[in-house]
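You will see chain A twice below: alongside chain B first, and alongside chain C after that.
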Partner chain A sequence: MIFFYELKKLVLSPLILSLAALCVLVNLTFLLVERDGLEPMGQTARPADAVAARTVPIFEGYRTADIAESYIRWYRLDGTNAQRIRNKYDKLQPVVDRKAAVGEKPPVYFSGRMSDFQVLLFGKLLKFISQEIGLLALLAALLAAAYEQMRGTEPVIYASKTGRRVQLPKLYASLTVSALLSVFVIGASLLIFFALFNFSVPWQADVSSVFDHALGETKPFITWHDLTVAEYLWATIGIGIGLALGCCLLGFAAGTGLRSAYGAFGAAVFVLAAFDLIARAPFLPVGSIFKSAWGLNPMWLWRNSGTWFTDGRADMLWANFETLGLCAYSAAFAAAAWGAYHLLRRREIH
Partner chain B sequence: MLSLNRVTKQYGNFTALEHIDLEFSQGVYALLAPNGAGKTTLIKMLATLIFPTRGEILWHGDDIVALDASYRELIGYLPQDFGYYRNHTPREFLRYMAAVKCLKRDQAAQRIDELIDLVGLSEVRGKKMRKFSGGMIQRVGIAQAMLNNPQILILDEPTAGLDPKERVRFRNLISSLSKDRIVILSTHIVSDIETIAGSVILLKDRRLFAQDSPAAVCATLAGKVYETDAIEDIRVPHLLLTERQENGRTVTRFASEHDCGESAQSVNPNLEDVFLYVYRDEER
Partner chain C sequence: MRLFLYELKKIWSWRVLALLAAFAALVWFSILRGDVQTYKTLSHYASSFGPYQREMFDKYGPTLESEELADYDISGKIAALEGELDDWIASDPLFTGNGISTYAEYEDFRSQDRDSMDKEEYEKFSEITMQMDRKLWLDEYWNDPKKQFTSPYVRLGMLSNLNDTYTEYERNIGHYLEYENQPVAVEAARQILAKHNNSLVPYNLKGTASGYSTVVGVFVILATLLLVSPSLTRDRARHIHPLQYSSTVGRRILLIQWAAVTVSACVFSLVAIGASATALLTTDMSAYFGVSMLSMNYGSIQSLYEITFGQYLLLLAVMIVLLSMTAACFAFVLAKFSTNIIGAVLKIVPLGLAFWVLYLSAISEPFDPRNALFRSILHGRVVMPELILCVVLAAAGLLAAVIVAARERKADIL
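Presenting the complex of A and B:
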C-alpha cells in the first residue's frame, strides 16, 4: 500500500509532470524546425520503382578490415591498440559475409533521403529522448528519495513500524514512474514524428538494407545481429528506457545516501559529467581497453546512441557494447542504491 | 517496562548525555530541563532516530535497536519540529501515516475518524494543512502519534508555539491519553506538566539529576522558598525566583538555604521554583 502512496506523490508532482510535458514540447519544436529543413518527399511516392531501379549489393566482397585500417590511419594507431581494432573488425567480417549471402543491399526507398530520416530519428530524436528520460528518471528518484527529508517528515516516518524501510517502496515507485514517464515521452514524441514525416519504410526489412550508411560515415550500417527496422527501433527504445532506469537507481543512491536534496542532485550530475569529461580526455587512447570500458557509461552511450547495436566505431572494442554498458552500469547503480539504503538504515537522523 | 541502562550519547568529543539510568512504566513522565540540556537527544534515542554511544535502552529486557520494527510498532512519536505535507488534508496525511505504521485499511479509516474527532479537527478534516495554525498542526501531530494506539507515546516539546488556550487543551488531551500507556513528554515549560505528570525527570550537566513525583521533587525545596514585599530587607544569600504585582505591592518569591526569620513568609515550593533553583547557573 505504501508503494501506491509513493507512486501518487510522484505522479502528482508538478515538477515531474511539467518537466515531462516540457520534454515533449522541446521535441515537438525540434521536429518542426527539422521538417522545415528537409526537402519535399518527391520521388519517394513510388518506392517500389526505386527499389527495382537502384538495388546495389554492397555487402558482397565487402571487407571489414578496411574499416579497421581507416580508423587506424585516422587515429594514427599502432601496436596493441591498432591490433585490438583489427581484431574487432575481423570478428565483424562473418556478420558481413552472412548479410552478403542473404542478399542484403543498400536502400533506395528514399533515393538518398533515407539517411536524413535515419539521422533525424535515430541519430537525433531518439538520442534527445533517451537523454530526457534519463534526466526525468534521475529527478523522479531524487524527489522520491529526498521527499521526507525536504518536508521534515523523516522523524515521524522513520519512527513508525516501516521506519527507514520506507525507502524501498520509494525506490519501486520511482522505477515505475521512470518507466511510465519514458513511455509517455517516447510515445508522444514518436507520435509527433510519424505525424509530421512520411516515414513509410518497410518495417520488416533488415535495418542494414534500409539504412544508407552508418550515421555520419560512409561505411554500411552493420549490426552485430540481424535486426529489422521495427526490431531496431524497439531495441533502441529498450536501451533508452534501460538507461533511464539506471539513472533512476543513480538518483536514488544519491538521494538516499546524501542528507541534502540539492547536494544529491549535484552529486548525481557530477557523476554523469565526470563520465563524459573523462571519456573525452586525451589520456584514454583509442583502441585501449580502458577507453572502451569507460565508454560503456551512460553518458557515452547517450552521445553515441546512433551507433547502438553496430560496431560502435573505433571507440568500442566489443560487440553489443550498449547492452553490456546498460547491464554493467545498472548493476553498479543498483549496488550504489543498495549501499545507500543500508547506510540510511544505520544512520542517525538529527 | 522501558528502561535505560547507563546510556551515554556522544557526538565526536561532545558528550550530550552521560550514564542515564531510567525506568518507565505506565503514566506521564515529564523530561524537564532547559534548552540544550539533552532532552531531544534522549527523546530521539527512545524513538530510535539516533542510537546510544554506550549503554542500552531495553523494552521488557530486549534492546530496542535489535527489536527494530517490533519496537517501533509500539511507539507513537511527535517530534519537536513536526513536519507534514502542506498540500494534504489531515485525513490524507493520517492515511499515509497509517500505511507506514502498517495498519489495515479498514481499521485505519475508523481510527483516523476517531482521532480527528478526538483532537478537535472534525470541521477541517477536508482542508489542506497549509492553512492550519500551529495549534492545529500540533493536533494533527498528536493524532498521527496516536494512530497505532501506542504503548509508548513520545512527545518532544509538544506545546512549543501554542497559545495558552491551545496549551490547556493539549494538556487535557495528553492527560486523557495517558491511561494504560507510557507517555514521555519533554518540555521546558513547567506549567505544561505540573498537573499531568506522574513523574518528573530533571537532567542537569548531561546527567540525570532527579526522577520523582512532582510533589516529591517540590519537597526537595521545602522550607527554602519564601515570599516578601520587601526584598531589599533580606540580608541572607538568596536566589530570586519570580515577581508579581499584588495590591500595588511587588511580591518577590525567592529561595534561600538560610532562615529568613520574620522578614519573609515561607511558602510551598512549586515545580517552577524547583526548575529555577536547579538550573540557576544555566543561561536563561
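Presenting the complex of A and C:
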C-alpha cells in the first residue's frame, strides 16, 4: 500500500512529468534539425558501390590483428599495453571467422545512406536518450529519498517502526517510476524517429552486415555475439534502461545516506562528473587495465553508446564491456543504497 | 547593507565551496593541465610552424613588414633544407634501392599515378611510401618533438607552411574569397589582404585560448548554479517568508537576495577566470597580448575582427561573466517558484544543461568564421553575434529577476 502511495507521489509529480516531456521535446527538436541537415538521398547514396559491395564477403579473410595494429600505431602504444590490445583483438578473430562462415546472412555492406541513419539512431539519439533517462531516474530517486525531509514529516514518520522502513517502498517506487519514464521517453522518441525518417532496414539481417562500419571508424561493425538489427536495437535499449536504474540507485543512496538534500544532489553529480572527467584524463594510458576498468562506469558507457556490444575500440580490453559495466555499477550502487537504508533505520533524527 | 552581507554569507557556504574546489581540481587535472602542456609542447617544436613563427615574432615584433620577410629569407632556408634532404636520401638504401637519390625524385615517386596500379602494386607502393615517410619523419621519436624536429623533412614542412602564410598570402586569400560568401568573413579577408597578412600571431594561440575558455566557461556557469542554488529556496523551505513579508524591510528581501546572487556570480566567475588564466599565462602567451588576431594562418582566419590577443582574452572573460550572471538570475527566478531545494534543483538542472548546450553550440570558438551562431544561424551577416547574444541574455536575465523581485514587494501571501 505504501508502495502505491509513494508511486503515486512520483508519477503525479508535475516537475518529473514536465522533465520527461521536456526530454521528448528536446529529442524532437534535435531530430527535426538533423532531418534538415541530412543531404538529399541522391548525393550520398552510391548505388554502384552498393550493388558491387553486395557481392563482397566483407569478413572473409578479414584480420582483426590489423585493427589492433592500427590502434597501437594511432595511440603510439608499446609494451604490455600494446600486448593487451593485441590479445583482445586475437579473441575477436574467431567471431569474424564465424561471421565469414555463416552464409545465410547477406552482406549488404556499404549500403549507401545506411551510415547516416546508423550514426543518427545509435550514435546520437540513443545516446541522448540514455543520458536523459539516467538523469530523470537520478532526480526521481532524489525526490523520493528526500521527500519526507523536505516536507518536514521526517520526525513523525520515523517515530514508528513502519515509518523507519518507509525508504524501502520509496526505493521500489523510484525504480518503477524510472522504468516507466524510460519507457515513455524511449517510446515517444523512437516513434518520432521512425515517423520522420524512412529507416527501412532488413530487421532480421545480421547487424554487422547491415551497418556500414563502426561509428566514426573505417573498420567493420563487429559485435561479439550474432545479433540481428532488431535484437541490437532492443539490447541497446535494455542497457540504456539498466543504466537509468543504476542511476536511480545512486540517487537513492545519496538521498538516503546524506542528511542534506542538496548535499545528496551535489554528491551524485560529483560522482558522475568524476567518472567522466577522470576517464578523459591523460594519466590513464590506452591499453592499461585501469583505463579499461574505469571505462566501465555509466558516464563512459553513455558517451560511447555507439560501441556497445562491439569491441569498444582500444579503450576497452574486455568483451561485453557494457554488460560488465552495467552489472558491476548496478551492484555497487545497490550496495550503497542498501547500506544507506540500513544506516537511516538506526540514525538519530534531530 | 547588513542583510546583503548576511545573504552573501549564506551563499558562500564552505561546504558548497569545498564541493566546487573538488570539481575545479577534477577539471584542472583531467582537461586544463593537459591543454597547457600541449600548448607548451606545440609552441616549440610540434606545431604547423614549429618554432619559426615565434622566432620571427621575437626578432621583428607583432607585425611582419616586407623587408623583414625578405631578411628572414624563408626560400633560402627551404633551399638549404632541400640540400640537406638530398644528402640524406642519397645515403639511405631504402631510397636508393628504389631509384631515388634526391628529394625532387622522392616527390616524383610519391606523386605517381596510383589509378593505373593493380591491387598488388598499389599495396607494395603504399608500404614503401609509408616506410619512407616514417623514416623522413623520424617516426621512432614520435613522443619527443625536439628530436623529431632534427629531421630536415619536418623542418621543411614547417617552413613551407610559413612561406604559404606570409609569402603566398595573396593567393590563399584569393582562394578564400572565391568560396566565402558571408559578408563579415569576406570583409575580414579583405582587411587581411590590405594589411598584407602581417600579424605574427602564433598559429595555435587562438585555438588553445578558445578551447581552454570553453572548458572554463562551462565550468563557471555550472559551478555558479551550484553555488547560488541552495540559498535561494531556504527561506521558503523553512517557512520564514511569511515572517519576512510582514515587515517593509522583509518585503525587500528578494531584491537583496537577487543582488547577493548576482554579485556572487560575478565574483565567483572573476575568481575562477583569474585562477585559470594564471595557469594559462605561465606559458609564453602574455608576450602576445599586443599582437593582432586579424590574420590568416595556414588558410584559415584566426579572428574576424581587428582585435589584439589581450582584447580577445578580455572579451572571452566578459562573455563568461555575463553568462554566469545570467545563469544566476534565471536560477533566482526559477527558485522563486519552488518551495523546497529538490523542487528548485529539478528546475535548475535543465537550466544548467541548456546553458551548457548554448555555450558549446553558440559561444565556443568565438569571433571565428566557423562559429555555429555566426555561420549557420546568422549566415555571417552580424558582427560579434556571440557577444551580442551574451549581452541580450544578461539583460533578459536581469530584467526577469528584477521584475520577480519587485513584484514580490506587493504580493499577497497566501
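By our rule, the second predicted complex is superposed on the first by the 324 of 350 C-alpha atoms of A that agree within 3 Å, B and C clash if a C-alpha of one lies under 4 Å from a C-alpha of the other, contacts with A are read in each partner's own complex, and residues count from 1 in each chain.
As a working rule, a residue touches a chain if its C-beta (ideal position, glycine included) is under 8 Å from a C-beta of that chain, and two chains touch if they have at least 3 such contacts.
Owing to the predicted nature of the structure, the values given are computational and were not obtained by experimental measurement.
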Given the alignment on chain A, is it a clash or a fit between chain B and chain C?
fit
When the two structures are overlaid on chain A, which partner does A:5 contact: first (chain B), second (chain C), both, or neither?
first
Check the residue A:348 against both partner chains and state whether it touches chain B (first), chain C (second), both, or neither.
first
Taking the superposition as given, does A:22 touch the first partner, chain B, the second, chain C, both, or neither?
second
Going by the contact rule set out at the top, does A:154 touch chain B (first), chain C (second), both, or neither?
first
Have a look and say if chain B or chain C is in touch with more residues of chain A.
C
Of the partners chain B and chain C, which touch A:277 in the superposed model: first, second, both, neither?
second
First (chain B), second (chain C), both or neither touched by A:162:
first
Shortest CA-CA distance in Å separating chain B from chain C in the superposed model
7
On chain A, the footprints of chain B and chain C overlap at residues 151
Can you list the chain A residues touching chain B in their complex?
1-2, 5, 148, 151-163, 165-166, 348-350
List of chain B residues in touch with chain A within their complex
44, 47-51, 68-69, 72-73, 75, 77-79, 81-86, 95-97, 99-102, 105, 141, 144-145, 148, 154
Under the stated contact criterion, what part of chain C meets chain A in this complex?
15-16, 19, 22-23, 26-27, 29-31, 34, 142-143, 226, 229-230, 237, 340-343, 345-347, 349-350
Would you mind writing out the residues of chain A in touch with chain C in their complex?
15-16, 19, 22, 76, 135, 139, 142-143, 146-147, 150-151, 261-263, 265-266, 269-270, 273-274, 277-278, 280-283
